[in-house]
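My questions will all concern the structure given below.
Chain IDs A, B, C, D, E and F follow the sequence of writing; residue 1 opens each chain.
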Amino acid sequence: MADAQRYSSYKYFNIFFPEQYQYVAHVEINRPDKMNAFFEAMWLELGQIFTQLSHDSSVRAIVLSGAGDKAFTTGLDVKFASQGLLAEKKVADAAREAFELRRHIASFQDCITAVERCEKPVICIMHGLALGLAVDLSVATDVRLASADFRCAVKEVDVGLAADIGTLSRLPKAVGNYGWVKEVALTARFFLADEAKEVGFVNAVYKDKEETVRRGLEMAGLMARKSPVAVQGTKELLNYSRDHSVEDGLRYTAVWNAAALQTKDIQAAMLSGLQKRIPTFEKL
Amino acid sequence: MADAQRYSSYKYFNIFFPEQYQYVAHVEINRPDKMNAFFEAMWLELGQIFTQLSHDSSVRAIVLSGAGDKAFTTGLDVKFASQGLLAEKKVADAAREAFELRRHIASFQDCITAVERCEKPVICIMHGLALGLAVDLSVATDVRLASADFRCAVKEVDVGLAADIGTLSRLPKAVGNYGWVKEVALTARFFLADEAKEVGFVNAVYKDKEETVRRGLEMAGLMARKSPVAVQGTKELLNYSRDHSVEDGLRYTAVWNAAALQTKDIQAAMLSGLQKRIPTFEKL
Amino acid sequence: MADAQRYSSYKYFNIFFPEQYQYVAHVEINRPDKMNAFFEAMWLELGQIFTQLSHDSSVRAIVLSGAGDKAFTTGLDVKFASQGLLAEKKVADAAREAFELRRHIASFQDCITAVERCEKPVICIMHGLALGLAVDLSVATDVRLASADFRCAVKEVDVGLAADIGTLSRLPKAVGNYGWVKEVALTARFFLADEAKEVGFVNAVYKDKEETVRRGLEMAGLMARKSPVAVQGTKELLNYSRDHSVEDGLRYTAVWNAAALQTKDIQAAMLSGLQKRIPTFEKL
Amino acid sequence: MADAQRYSSYKYFNIFFPEQYQYVAHVEINRPDKMNAFFEAMWLELGQIFTQLSHDSSVRAIVLSGAGDKAFTTGLDVKFASQGLLAEKKVADAAREAFELRRHIASFQDCITAVERCEKPVICIMHGLALGLAVDLSVATDVRLASADFRCAVKEVDVGLAADIGTLSRLPKAVGNYGWVKEVALTARFFLADEAKEVGFVNAVYKDKEETVRRGLEMAGLMARKSPVAVQGTKELLNYSRDHSVEDGLRYTAVWNAAALQTKDIQAAMLSGLQKRIPTFEKL
Amino acid sequence: MADAQRYSSYKYFNIFFPEQYQYVAHVEINRPDKMNAFFEAMWLELGQIFTQLSHDSSVRAIVLSGAGDKAFTTGLDVKFASQGLLAEKKVADAAREAFELRRHIASFQDCITAVERCEKPVICIMHGLALGLAVDLSVATDVRLASADFRCAVKEVDVGLAADIGTLSRLPKAVGNYGWVKEVALTARFFLADEAKEVGFVNAVYKDKEETVRRGLEMAGLMARKSPVAVQGTKELLNYSRDHSVEDGLRYTAVWNAAALQTKDIQAAMLSGLQKRIPTFEKL
Amino acid sequence: MADAQRYSSYKYFNIFFPEQYQYVAHVEINRPDKMNAFFEAMWLELGQIFTQLSHDSSVRAIVLSGAGDKAFTTGLDVKFASQGLLAEKKVADAAREAFELRRHIASFQDCITAVERCEKPVICIMHGLALGLAVDLSVATDVRLASADFRCAVKEVDVGLAADIGTLSRLPKAVGNYGWVKEVALTARFFLADEAKEVGFVNAVYKDKEETVRRGLEMAGLMARKSPVAVQGTKELLNYSRDHSVEDGLRYTAVWNAAALQTKDIQAAMLSGLQKRIPTFEKL
C-alpha cells in the first residue's frame, strides 16, 4: 500500500489510496467551491504530485477527478488570471515582456506535461463543466471517461487567446477527427458527452459522476493488477509512437524490450495463466 | 467591410461579402455549367485569391463553396487534362519529361496549399458531386460541411494515377480512420454524406446545399466575431501541431503566445464577458 | 495468372490464386488445429511470402486470412514462446542477453514489416479470435474486414510484456481514437466486431467468415482491375504520408508522380472510360 | 545562349551571360556606391531573378557577386531599415505588431530562399566587406569563394537583433564547426578570408576580386558543361539530405533517380568518354 | 551587479562575478584535490546553478572552468561510481534494474542539459586533463577554449560503457568531422589541444590556463555588453537550428523575432552606433 | 578466433583474420586486375559479408580495403553498367521503367547500408583511385584512412547521373564542410589525400597502402581489445545521433544503456584498470 502520509502536504489536491484497488492512487482537484478553477500554486502542485507518483513503487495506476458536483474544472481562475494579464506592465518593451511570458508559459506547460510523463497510466474522470485548462489537462492523461452531465469547451478563443498549455498540441493527436478539433477550437462552442464519445475524445460515458469515478477506479484497478513492467512499458512506447515514425517506433521498442523481456513477470504471468490464479509482481 | 472591388478582377470565382456576417468572405467556384471542373487558370486564380484574403484585414473567416446544384467540383476538367497528358511529348527523354512534370505538380500543389496557408479559417461546403481535386482542395480547408446529396470519390486511381495535389498527404491526417482512407483511395469507390460524417471527413450533414451554405456562413460568422489574434493563432498552432511532435508543438506555441498574449483583445474579451456585451477587436 | 507453382514450397501458409479474381493472391495462415498460432519458422516464412508477392507482376492485390473456423490467429504459440523465454539463459550478463533479444525482436519485426512494404495492397480478413500478434500483423496490412464473430485483444500485457512487433507503433496511427488504443493496450480487454468498426480498426463487419473472405476478395478484385501504377503508387504515398509532414509528403509525391504520370495507363483508363469498356494494363 | 533581353527589366542587379561560358549566368548586385546595401525592393527583385533563372533552360550554373571594389554587400541599408524599425508604430498592440513583423520576415526569408530553391548551382563570390545579410544570402548559395580582402561579420547582434533571414538556420549546417558559428554569431566579431577557409565557410581564397570572379565563372562553366539532369539532381538531393535522415535521403534519392536515370545524357556522357570528346546535352 | 550572495549556498562550485566584466558570471568546478571529479551531488548542484543563472537578469554571459592546475575534470569519480555500479544489486530482475538505471541516466542527463538550456551563452575553459564527463559537459556549452596543456579523451569505452550523458548525442553535432568523432569515441585515445582546434572541438588554444580563463572572460564580457535580447535570441535560435530542418528553423525564427524586434535595444544600438558610444540595455 | 572457413565461399572478396589482431576481420575487395570495379554480384556479396560479420561473435572490428596497387575501387564496372543502362528497354512505359529502376537502386543501397548497419566498427583503407561507388561505400564505414597516393572523385555527374547509392545522403553528414561537398559533387573534380584530410573526409594520411593497412589493423585491434558491449553500443548510438535531434538521442541512449550498463564488462574493465592488466570480455 502506498504511504498516504507522503502525500499529505499537498494543499489543493486530495490523494486517496482506495483500499479495494491495490496500487491505485486517486488524485482529486479540491477546490469545489470555485468549480476547481486553477491558479498558479495549483498547477505547480499538480506537477509535483505526478512527478512523485511517477516514481512511487506502490502506485501502478492513477485516477484523476475533480471534487464537487459541478465541474471537473472550469480552467483558469479568471480572477487570478486577470490580475496577471491586466496588471500594469513594468517591463521595458514588448520583447522583454515576451521573454517573461515565454518562461511563464513554458513553466505552466511543464506542470501539465508531468501528467503525461508520469510512468503510470492516468485515467481522467470528466464530469460537469470542463473548460479551457480542463482540456489541456485531460489530453495529457491516457484515458478519459465522461459522466452524462459533461459539458466541455475549448474556451480560450473566447477570452482572446490561443490555448497554449497543451490542447492545440495534444488534442489533434488524441482525436482522429481533425475537422472537429478545428471547429471546437475555433468556435469555442460547447460539446456534450455523447459528441465527446462519438469523436473519441472520451472512451465511455456513464450515467453520473459517481459511476464514472467507480468505473475509472475499476479500470485503474485492472491495469494495476498486471505486470508493471508490461504496463509502464506499454504507456511509454505508445507515447513515443505518437511523435515518431513507425520505423523509429519499432527501433525504440526493440531496444526497450531488450531489457524489459528479462523480467520475471513473464514467467509469473504465464504460470499464473496455466494455474488459473492471479499473479503477483515485484515492486517497480 | 471588405472592399469587394478589390476582388472583382477574378474570372472563375465569385467573392461575396455577406452583409449579415461581418468579416466573412464567401468564395464560390463559378463554373457550374461544367460541374465546377478545374483547369490550370482556375487553380492559379484560386491560389491568388486565398493569398490575398490571407492578408486582408477586413476578412476573418472564409466559406468556400461551388456554384450550381450539381457539384462542389468534379475535379480536373478531363478535356483540358487530356489535352495536356495525351499530347505528343516533345521533350528529349523521360528524365526531362519528369523535370517538367515535377515543376507542374509542385506549382499546382502550391495553389492548393495557399488555402491551408491562408491565415483565416476556411469552411468548405461540399454538395453534390465531389471528385478528385474536390478532395485535395477540401482537405486544405479547416472544416468541411456536407449537404445530404454529397457524393464523393478519391477518383484518381480510376484514371490511372495516384492523387498528387494533397489528398494522399492530407486526408490521412484529417481523418483518423486510416483503413478507410486506404480503401477509398485504392478503390475509388463513392462514399456519401453519412459515411463521410461517420469517419470524420465532414463535421456535419445538412439537408441541402442551401442550408449547408447558411450553416457554414453562421459558423464563419461566429469565428469572425472573436478575437482575430486568438482565432488566427489557433489555426496556425493547429496546423503546426499536425506535422510536429507534441514537444515541438509546445515550444512553438510558447514562443507564439509570448507575443500574442500582449494583445488588448484579452482585456476586451474579458471585460465584454463581465459586461455581457459583444466585444470589438482592432483590425489584424 | 500467377504461377501458383512458385509458391508451393511454403509450409505454413496456403497461397491461392482464385480464378474469378485476376491478379489477386489469397494468403492463408494454415495451422487451424492450433488456432493459427505462430512460431518462428512461420513468421520467417510470412516475410518471405510477402517479399515474393511484392515483386510478382502477376499479383496486384492480396487477401490475408486464417484457416479454420476459430481464429484468425491467437498470436504466439505459447508452447514455443515459453520454451524460448523460460529457458535457462546461458548468456554472460543482462547486457549480452539484451543484445540477443534486440536482434531477435528486430528480425521478427522485419518479417511483419514485409507485409507493409509489399508493394501491393493487402486486405486482412479477421474472424474468430485475434490475439496479440494478430493485431501486430493486421495493422501492417492496408484494410481490415471483420466477421461478426471477431473477438480481439492486445493481449501482451497479460503475459507480462509490451507488444513489440508493431502494435504499439502502428495501431495509434491506424485508429484515430488514441484513448481507446491506450485502454485496450493497457487493459488487454477484449473488443468485438462492432466496437472495432466504431473506432475504425476494421472497415466493415460481415455476418460470418465466409462472407468476409468473399467481400475481401471482391475488394481485392476491384483494386486489381485498376492501373497497377496508380494503385501501387497510392499505397506507397499513403504509407509515406503517415510518417512524414504534409510538406514532405507533397514533395515526395511530386517526385514520385513525375515518373508515374508517364504511364500509358492514364490514356488507357481515359479511353476506356469514354468507350465504356474495362481497360487492361501492362504488367508491373 | 540565354536571352539577356528577358532579364533587362531588373533595376538593382546586372545579369550577364559571359560568352566564353555557355549556359552560365552572372548575377551582380549593383549598388556599389552604397556598398551594395539592400532595401526591400532589392530583395524582392533578387527573389524574382533566381525564380526566373531556376526555370530558364538556357542557364545551367550561376555566379553571384557584388559590384564595386569595396563590398560584396554590407547587408541592410541602415537608412531604410531604421525608417522601418524606428518609425512610430500605428498598430493597436504588440501582438498585432508581431503579426505584421512575422509576415514581413517570412516574405524576406522567401526571397533569399529562392536562391537555395533555384534548380541550378549558385557560386557566391565574396569580396571586401560582407556583413549581416551578406551571410544570410551567401549560405543560401552552394559554393562560396573569397577574395583575399574579404572581411565578414554576422553583425546582427551589434544592432540589437538575432539574424533572421537565414544565417542562424543555414550557417550551422554549412560549416561543421558549431562552436565557431556560436562565437561569431554571439560576438559579431570580424573574420577574414583565411579563417573563413579554415572553418569551411568558403571553399577557396583567391588574391583579389577579379581572380575570384574568374575562378567562380570557371567553376560555373565546368558545372554547366555537364549533364543538367545530373547536376540539378545532385543539387536537389544534397539540399534534401541536409534536412533529412540518411534513410529518408536514400528513399528520396531512389525515387528521384528512377526517373532521372532514364535520361539520354548517360549514353551521351559515356559515349563521349569513350570517344574522348565533349558531350552535348539537350535542354532542360 | 549580480548578487553573489544568492549563489553562496553551493558547495562544489565557486560562482564569481568579476568586477571588470559586468553581467558576467564565472562558474568554477571546485574539487581540485580530486581533479574535479564528479559525484552525484555535484551534478545535481551544477544543474541547479545553471537553472538559476538562466533566469538571473544580472547575468548575460557565463564562463565555466575547473579549479586547480591539473584538470578541467577527470569525469566521474571512480570511487563513487564503482560503489554504485559494483554494488550488490537488490532489484528483482534485469528489467527492473533497467528501469532504475534509465531514471538515473535521465536525471543525470537533465543536469547537463541545464547548461545547454541556460538562456545565456556559456564559454567553457578546458585545461589539463578532460576525461569522460568533461566532454559530455563541454559539448553542452556554446564555445570551448583550450589551454596548451589540454589532454582529452572520450574515455567511456575504456571502462566498459558507451558515453550516455551527452557526448554521443552532441559531439557529432558540435564537430563536423564525423570520422574523427567515431575514432576518438571508439578508441578512447587521447587528443591534445592542437588536434582539438583542428577538428573544431575548441575555438582557440592559449598558452596556459590563466590566459585561457582571461580570454574566456573577455569573450563573455564582449557578449555581455551587447543587447541581451539579441544575444539570448541568437543562442536559442542556433540551438533550435541544430535539431531542425532549415525550413522549420526559418519558421521558428520568424515567430521568435516577431516579438524580439519590438525591443528598444535596436534603437539603442543604432543610436549608439551613430554616436560612437557604448549602448546600455535594460535588464532581461 | 573467427572461423575463416565460414567465409570461404565468397568469390569477390577475401576475408582474413590476422593472427596478431584478435577479433579483427579484414575484408578485401578482390578484383585488382579491374581496379576493383564492382558489378551486381559483387555488391550483393558485400552485403552478405557484412551481415554475417555483424552477428559473428568472434569479430569485434573490421578493416575494409581493396586488393592491388592501383585502386581502392574505381566504382561501377562501366562494361557491366553500360550493358544494363544502354540495353534496349522492353518495359511498356517510362513509369514501369521507373518502378524497376527504383527497386534496383533500393536493392543496391541496401547492400551498402549493410556496412553501416554492421554492429562492429568498420575502418576503410583508401589507396590509389577511389571513384564513384568508392565514396558511397566509404561513407558507410566509420573511419576512413588514406594512403598518400589516394585520388578520389565523386564521379557520377561525369557519366550523367546523380550519385544514388549513399554519397549524396551520407557525405554531407560525414564532412562538416558543406560547400566542399557541393563543389566536389557538382564538378566531379579530383581531390587528393591532403585535401581529404583537411576537410575531414579521412582521419589520417599514411605514406603508402601498406602502412595504411597496418595502421587500420592497429586501430581495429585497439577497438577489438575493448568491451564489445561498449564499442558496439557506441557505434549504434553515434549512428542514431546523426539522424535524430539531441533530445531524441539522449532518450534513446538512456534506454540503451539501461540494459548495457548491466554488463560485467564494466567490472572487468575497472578491475583491470586498477590491476594494470588487460581485461578480457565475454563473447557478444
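The definition used in the following text is that a residue touches a chain if its C-beta (ideal position, glycine included) is under 8 Å from a C-beta of that chain, and two chains touch if they have at least 3 such contacts.
Source: prediction; values computed, not measured.
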_Mutual neighbours - chains that touch chain B and chain C alike_ = A, D, E, F
*Chains touching both chain E and chain F, listed by label*: A, B, C, D
*asked:* With touch defined as above, tell me whether chain D and chain E contact each other through largely the same residue numbers, more than half shared, or through different ones.
replied: different
*More contacting C-beta pairs: A-C or C-D?*
A-C
*Would you mind reporting the rotation angle for the C-alpha fit of chain D onto chain F, rounded to the nearest 5 degrees?*
120
_Distance between the centres, which are taken as Cα means, of chain E and chain C, whole angstrom_ = 49
_Length of the line joining the C-alpha centres of chain A and chain B, rounded to whole Å_ = 33
*What are the residue numbers in chain F that touch two or more other chains?*
94, 97-99, 173, 175-177, 200, 229, 242, 244, 247, 255-256, 258-263, 265
*Draw the chains as points, connect those that touch, then say whether the picture is a line, ring, star, complete or other.*
complete
*Hey, which residues of chain D end up touching chain E in the complex?*
78, 82, 85-86, 94, 97-99, 101-102, 105-106, 109, 113, 116, 156-164, 166, 168-170, 172-173, 175-183, 185-189, 199-200, 242-244
*For chain D, which residues count as touching chain B in their complex?*
55, 92-96, 98-99, 103, 229, 232, 259-265, 282-284
_Touching residues (chain side chain E, partner chain B) in the complex_ = 244, 248, 252, 255-256, 258-259, 262
*What residues on chain C touch chain B, complex-wise?*
121, 142-144, 173-177, 200-203, 219, 222-223, 226-227, 229-231, 233-235, 237-238, 241-242, 245-247, 249-251, 253-263, 265-270, 273, 281
*Using the touch rule from the top, collect the residues of chain D that touch chain A in their complex.*
94, 97-98, 247
